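Listed below are the structures to be examined.
In what follows, chain A forms one complex with chain B and a second complex with chain C.
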Partner chain A sequence: MLLYLGRRLLQLVPTLLGVTLVVFLLVRVSGDPTQLLLPETATPEDRAPSRRQHGLDQPLAVQYLRYVGDAARGDLGRSLVDGSPAIALVLERLPATIELTVAGMLIAVGVGIPVGVLSAIRRGSLLDRLAMIGVLTGQSMATFWVGILLILIFAVQLRWLPVSGRESWRHLVLPAVTLSLYMLPLLARMTRSSLLDVWRQDYVRTARAKGLRERTVIAKHMLRAALIPIVTVLGLQFGGALAGAIVTESVFAWPGVGTFVLDAVYKRDYPVVQAAVLVVATVYIVTNLLVDLLYGVLDPRIREP
Partner chain B sequence: MSADGARMLTGDVEGTIPVRRGRGSRRGRRLLRDPAAMAGALILALFALVAYAAPALAPAHYDDQRSARRLRPAFSTDEGRRFLLGTDQLGRDVLSRLIYAAQVSLLVGAVGVLAGALIGTLVGLLAGWFDGWPGTVLMRTADIQLAFPYLLLAIAVIAFFGSSLSNLVLVLALRSWVVFARVVRASVLATKPLEFVQAALASGAGPASVLIRHILPHTLAPITVLATVEFANLILLEATLSFLGLGVQPPFPSWGMMLSDARAYLLTDWQLSVYPGVAIMLTVMAANLLGDGLRDALDPQGN
Partner chain C sequence: MTSWLNRASSIVFSRTPGWGCALVSAVAGVWLALAMAAPELGAQAKPEAERKVAVISDMGSMDPYRDNSSVGVEVQGHLFDPLVDYRGPDFTQTPLVAERWDNPDPSTWRFFLRKNIKFHDGKELTAEDVKFSLELAHAAPTANAKVASITEVTVVDKYTVVIKTAGPAASLLANLGWIYILPKADYQARGADAFSLKPIGSGPYKLERWDKGQRIVLAAFDGYWGGPKTPGRIVLRPISEPSTRLAEFLTGGVDLIQDLPVENVKQVRDSKDLQVVQSKGIRQIFFPLNTRADTPLKDRRVRQAINFAIDREAIVRDVLQGFGEPRTGPFGVRQMGYNAEAAKAAGYNPEKAKALLREAGFATGVDFTWNFCRGCWLKDAEIMETLANQLRAVGIRAKLNLIEVNQLLANQNTGTFQVGMIRWSRCYDSDTILAGIQAQSTTQKWSGSEELDKLIIKARQTLDKGAREKIYQEIYRVMVEDPGYIYVHAQDSVWGKRAVTDWSFQAFAGNTSLTLLYK
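== the complex of A and B ==
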C-alpha cells in the first residue's frame, strides 16, 4: 500500500507541472503584462525597465522556471487591484467553496445512490421509470437555471429560505441543492447500471444460493463491487462540482473562489485569476488522488503492483 | 441514416423476401423503432430549422427596442403588434430573441463538437498507431487537461483572450477533443492486432491508408454516440459561459445571456427567467435522448 501511495504521489509531479505550464503560457501568449501595469500611452522603450524588473526580457524557459520556483514557494504574484498576495486572497475564499461543494456532494450521494439502488432492484417498475425520467430531466437542465428556479420558488414565492449570502445553514440549502444536481443524475444512473452489471455475477448467485437474505446480498456483495465505478464517477464529478461551484456561487452570491475569480476576470486582475486556477486545479488533483487511494481500500486487487 | 430511412419505408415488403440486410440497416431500424430517440431527433431537427429560418420566422428583429413597451406579459399587444411571449427589459420581443438565440447555441455546439471530434479523432488515431512514447505523450497531455476543472480553464482562456464567437468555439473544442481521442485510441489499439489489419499491411498498404480505410470505419459508431452526447454538453457549457457574460456579446441574444439579464427582474417578471431555460432544456434533452437511442441501437448489449 505504501509503495502504491508513493507511486501515485510521484505521478502528481508531471501533472502539476503541466498545469503550471498551461497557466503560464495562457498568461504569456495573451499579451505583454506590462501593458496592464503602465499607462496605455507607454512606448515599448518606456516599458523596458518594467519588463526587466519583472524578468520579461529573459527567455521563456527561464521565465517559466522562475515562475514554477515562485509558485512552489507560494508566491503567485500580487493582485493588480489592491496589491495583496494573490494566493492569500484565493485561500481566504476557499473554505466557503469547499463547504458548498462538500454539502452538494453529500446531497448527491445521499439521494443519488439510494435512487439508483431502488431503480436497479425494481427494474422496469413505475418507480424506476420515474427515476430515469428524473435523471434525464436533471441532466438536461442548466445548473444555474435550476438555481434560479429554486430561488423563484423557495425564496421569492414561499419565502422559506434566503435568496443569497452566507450567514447561517439556511443560506447553504439552496446553493447546495443546486450544486448537487451537477452530480446527482449521473450518480443515480451509474449506481443503477453498475448494480445491474453485477446482478448476474457468479459470486452473487453463490451468495443467494447460500440462502442469504436478498437485502444482505445487495448490501454486502453487490453494492461493494458496484461502488468502484460509482467512486470513479464521484471523483470525476467532484472536479465538475468545483467548477460548477463557480456558477452556483454566482447565482447565489456565495462568497467563495467562484464569485471571486469571476470578479477578477471582469476586472482583468490576471495574477488572481492565475492563482485561483492553480489552487482549484491542485485541490482537484489531490481529490482524484484520494479517490484512487479509496479504490485500493475497496478493491484489494488494485493495491498489488 | 437517410439510406436506412428509405429502406425502412419499404421494409415491410422487403421483409417477406429473403434479402440479406447489412448491419447498418438493422441498426437503423432499431433506432427508428425507439420513440424517445426519434422524438429527440425530431426536436433537434425542428430547432435547427427554426434557427436557420430565424430571420423569416421571428416576428421582430432581436434588437428592436422600445422603452414604452418594456416588460409586457405574454400575449400582449402594442400598436397593433402581438408579443406572444411578451417583451423584455428593453421592450424587445422575447420570442424573437429566443429564436435568434437558437442560432448561437446550435451553431456553437455543432462547430465545437465537429472541431473536437476532428482533433480528437486525429490524435486518437496517431496515439493508437504509434503506441510507444508518442502515444504516451499525447495521452498524458489529455490527462493533464482532464486534471483541470474545465469550466475554470474555459473562464481563464476567455479572460485572457477575450470573448468572441471563435474563442467560444475554441474553448468548447478544447473540452471535447479529449473524450474523442480516448475512445478512438482505445478502438485503434483493439483493432490493430486483428487479422484484417495485418493482412492489409502485409499486402503493402501504408499506415495512413490502413488507418483511414480499415480502422477508422470501426470507430465511427462510438464517435457518433459521443458526438451527440457532447453536443448536449457543449450547449449547456455555452449557456453557462453566456450566463457568466463570457459568451456571445450583446446585442445578439443567447439563451444564457437572456437568463442572466432576467435575474434582475426575478421578483416582478419571473417569466423572463423561464423561457430561455426551457429552450436549453428541450435542446439538451433532445440530444441526450438521441444519444441514448444511438447507443442502444449500436450496442444492444450495453446498459
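== the complex of A and C ==
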C-alpha cells in the first residue's frame, strides 16, 4: 500500500507539469493583460514598462521556464491587478469553495444514494419510474436557472432563506442544494445501476437462499460491493463540482475561488488564473488518490498483492 | 422529512460504512428542516445607521494608484480626499484638502492646505504628503495621464505646495480630483502591498473590514475635518449577478442597489417601500470609425451619412424606454462645449444620408463591420440591431460582429477594426472626455485631424472659462462635420433605494458615473 501511495504521489509531478503548461498557454492566447490593466487610453509606450515589469516581453519558453522554476520554490507569481501573491489570493478563497462543494456533495449523497437504492429495490415500479424521471429532470436543468429559481421561491417569495452571501449556515442551504443537483442525478442512477448488477451475482442468491432478511442482504452483502463504482463517480464529481461551482458561486455571490477566477480571466490576470487552476487540479488529483485508497477499504481483494 | 430520511437510512444502512451515510442523511435533513422552520434563527439585529449597498463587483486593491476599477474608485472616494474636487449634479467646485489656491502665473499653481487635517491613524496631513502622492500618481500607469501636465512639485512650507505645469493647464483642477492624498510616512513604512489591504486616508470613511468577495465595510471617521458623516457605516456587497442583486434589494438585504435592471423599474416604482433614483445621460457610448483603413469610412460624407441615418429619439424612447438621452455630438446638453446649433443640424435626416452617399459615389450603399460586445452597456444588443436596421433603410449595411469586450478594446488599440465602441462618462471638464476618446487619434491614428488636435490642445491651455467654452463649441462643430464617431445616445444611471434611505446621487471626481454613498 505504501509503495502504491508513493508511486501515485510521484505521478503528481508530471501531471501538474502538464496542467501548468496547458493553462500557461491557454491564458496567453486570450491576449495582452496590459490592455486591460491600464486605462483604455494607454499607448504602447505606456504599456511597455508594465510588460517588462511582469516579464511579458520575454519569449514564451523563457516565461514558462521562469514560472516553473518559481513554482517549484512555492512562488506562483503576483496578481497583475493588485500585486498580491497569487497563491495567497486563491487559498484565502478556497475554503469557501470547498465548504460549498462538500455541502453539495453531502446533500447529493444523502439523497442520491437512497433514491438509487429504493429505485433498485422497487425496479420497474411506479416509484422507480418517478425517481428516474425526477433524476433526469434534475440533470437537464441548468444550474444557473435552478439557482435563480430557488432564490425566487425560498428567498424572495417565502423569505425562508437569505438570497446570497456567506454569513451563516443558512446562507449555505440554497447554493448547496443548487450544486447538489449537479451531482445527485448521476449518483442516483449509478447507485441503481450498480445495485442491479450486484443483484444478479451468485453470492447474493446464496445469501437469500440461506434465509437472510432482504434488508440484511442489501445492506450487508450488496451495497458494499456496489459502492466501488459509486465512490469512483463521487471522486470524479467532487473535482467537477469544485470547478463547476463557479456558476453557483456567481448566482449566490458566494466568495469562493470560482467567482474570483472568473474575474481574473476577464482581466487576464495570468498568475491568478494559473495559480487557481493548479490548486484545483491538485485537489482533484489528491481526491481521486483518496478514492483509489478507499477501494482497498471497500474491497479487500484490491489490497492483496 | 427527517423521519423519512431516518427510515430510509435504517432500511439501507445497517453497519459501517453505512452508518456514516445515515448520519449524513439525518444531519442534512435536520439542517434543512431547521433552516426552513426558523427564518430568524441566527439573524443579527441591524446596527443603527448602517447602509448596505449592492455593487456590481469587488475591488482589487484599496491603493488608488493600483486599482482604477469602477467599484475601486467609488470606495477610494470615501477613504481619501483630493486637493479639490467637482461634486454633485452640477459639479460644484469643492475645496477639500486644499482650502484655496491661486495662479501666480499661468503655469504655476499654489495650493494652501487646510490645517489639522488628520489621517485615519491620527497623524496630520501636510504638504509632504501631497508631494508624495503626486509622485506616486506620476509613476502609476493607472493615474499618470492625470498629472501629465505637471513638471515640478515643491513644498514651500507645512501647508503650502507649488505645482508647476508645462504651460497653462486648464484641466489641472479637474484632474486633481482623481489624485488622492496618501500618508507618505505610513505608505513608505508599510509598503504598497500592505497599504493595498489596509489603507490609511484622510477621507470621511475609514476601512473597518474587507472580506474579499463578500463585503467592504466602511466606518465614518470621527476625526474627519468636515465632521463625521452619516450613515455611521457603509457596507458594500459585491454581487455580480443582476437578478441576485435585485433579489437582495427586494427582500431588504440591501438598502441601495447599483444598476437596477430597467425591466424592474416599474416593479420598484410600484412599491411603497422602494424608490428609483435616476441620473440622466451619465455615460455616452461612442462608436469610433476607423478612417485610416482602406474602406468607404475614409470618406467624410459616408461618415456623415451614417450619423444622419440614425433616429436617436426612437432608440431612446422605444429601446431604452426613456433611460437615456440622444446625442448628435461628443457632448450632451449640460456639458461644457455643447453646441446647440451644430447638434440640431446633425439630427435625423435619412434623405440627406442617401444624398450624401450618392454624392460620395456609393449610390448602391456601403458595407462595414461593426464590433460590439454584450453586457457592455444598457440594451446593447437591442440598440445594435435597431441601428443596423435604421442604417439598412438608407443603404448602409452594417455587419454586426459580437466579440468579447477585452478583445474589442484590444482590436481598437491596435487599429484592427472598422467601427468599434468606447464608453465614456459625462465629466465636469470636457478635456477629460476628449483626452479619453481622442487620445487614440494621436497614438493609434485611426481617427481625428490636425485641426481637431490643435483645438484640443488650445482648449487645454486656455484658462479663461468663457474662452474655453467657445473653443469646445468649435470642437463640437468640427467633430460633427467631420465625424470620427457614430453618435447615438448617453444612457442613464439607474439605482434603487429603500424609501426610508436618505440618499441621492452625488457625483464626485468630476465624473457622473461615480457617486458618494453618504449624504
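The definition used in the following text is that the second predicted complex is superposed on the first by the 263 of 305 C-alpha atoms of A that agree within 3 Å, B and C clash if a C-alpha of one lies under 4 Å from a C-alpha of the other, contacts with A are read in each partner's own complex, and residues count from 1 in each chain.
The working rule: contacts are C-beta pairs under 8 Å (C-beta built on N, C-alpha and C of every residue); 3 or more make two chains touch, one makes a residue touch a chain.
This is a predicted model, so every value here is computed, not measured.
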item: Touching partner for A:Gln139 - first (chain B), second (chain C), both, neither; value: first
item: Touched partner set for A:Arg205, first chain B, second chain C, both or neither; value: neither
item: First, second, both or neither for A:Arg129, with chain B first and chain C second; value: neither
item: Partner contacting more residues of chain A (chain B vs chain C); value: C
item: Touching partner for A:Ser250 - first (chain B), second (chain C), both, neither; value: both
item: Touched partner set for A:Pro14, first chain B, second chain C, both or neither; value: first
item: Touching partner for A:Leu152 - first (chain B), second (chain C), both, neither; value: both
item: Overlap of chain C and chain B interfaces on chain A (superposed complexes); value: 30-31, 148, 151-152, 156, 250, 266, 268
item: Interfacial residue positions of chain B with respect to chain A in the complex; value: 140-141, 143-145, 147-153, 155-161, 232, 236, 239-240, 243-246, 256, 259, 262-263, 266-267, 270, 273-274, 276-277, 280-282, 284-285, 288-289, 303
item: Footprint of chain C on chain A - complex, ascending; value: 30-32, 35-44, 46-47, 49-50, 79, 81-84, 89, 92-93, 96, 106-107, 109-111, 113-114, 117-118, 148, 151-152, 154-156, 159-166, 168-170, 173, 215-216, 218-220, 223-224, 227, 250-253, 255-256, 259-260, 263, 266, 268
item: Contact set on chain A toward chain B in their complex; value: 14-15, 18-19, 22-23, 26-27, 29-31, 136-137, 139-145, 148-149, 151-152, 156, 193, 196-197, 239-240, 242-244, 246-247, 250, 261-262, 264-266, 268, 270, 273-274, 276-277, 280-281, 284-285, 288
item: Touching residues (chain side chain C, partner chain A) in the complex; value: 5, 8-9, 11-15, 17-18, 21, 24-25, 27-29, 31-32, 35-36, 39, 41-42, 57-58, 60-61, 63, 66-68, 141-142, 144-145, 192-193, 196-197, 211-215, 237-241, 243-244, 247-248, 250-251, 253, 406-407, 409-410, 412-413, 422, 435-436, 439-440, 443
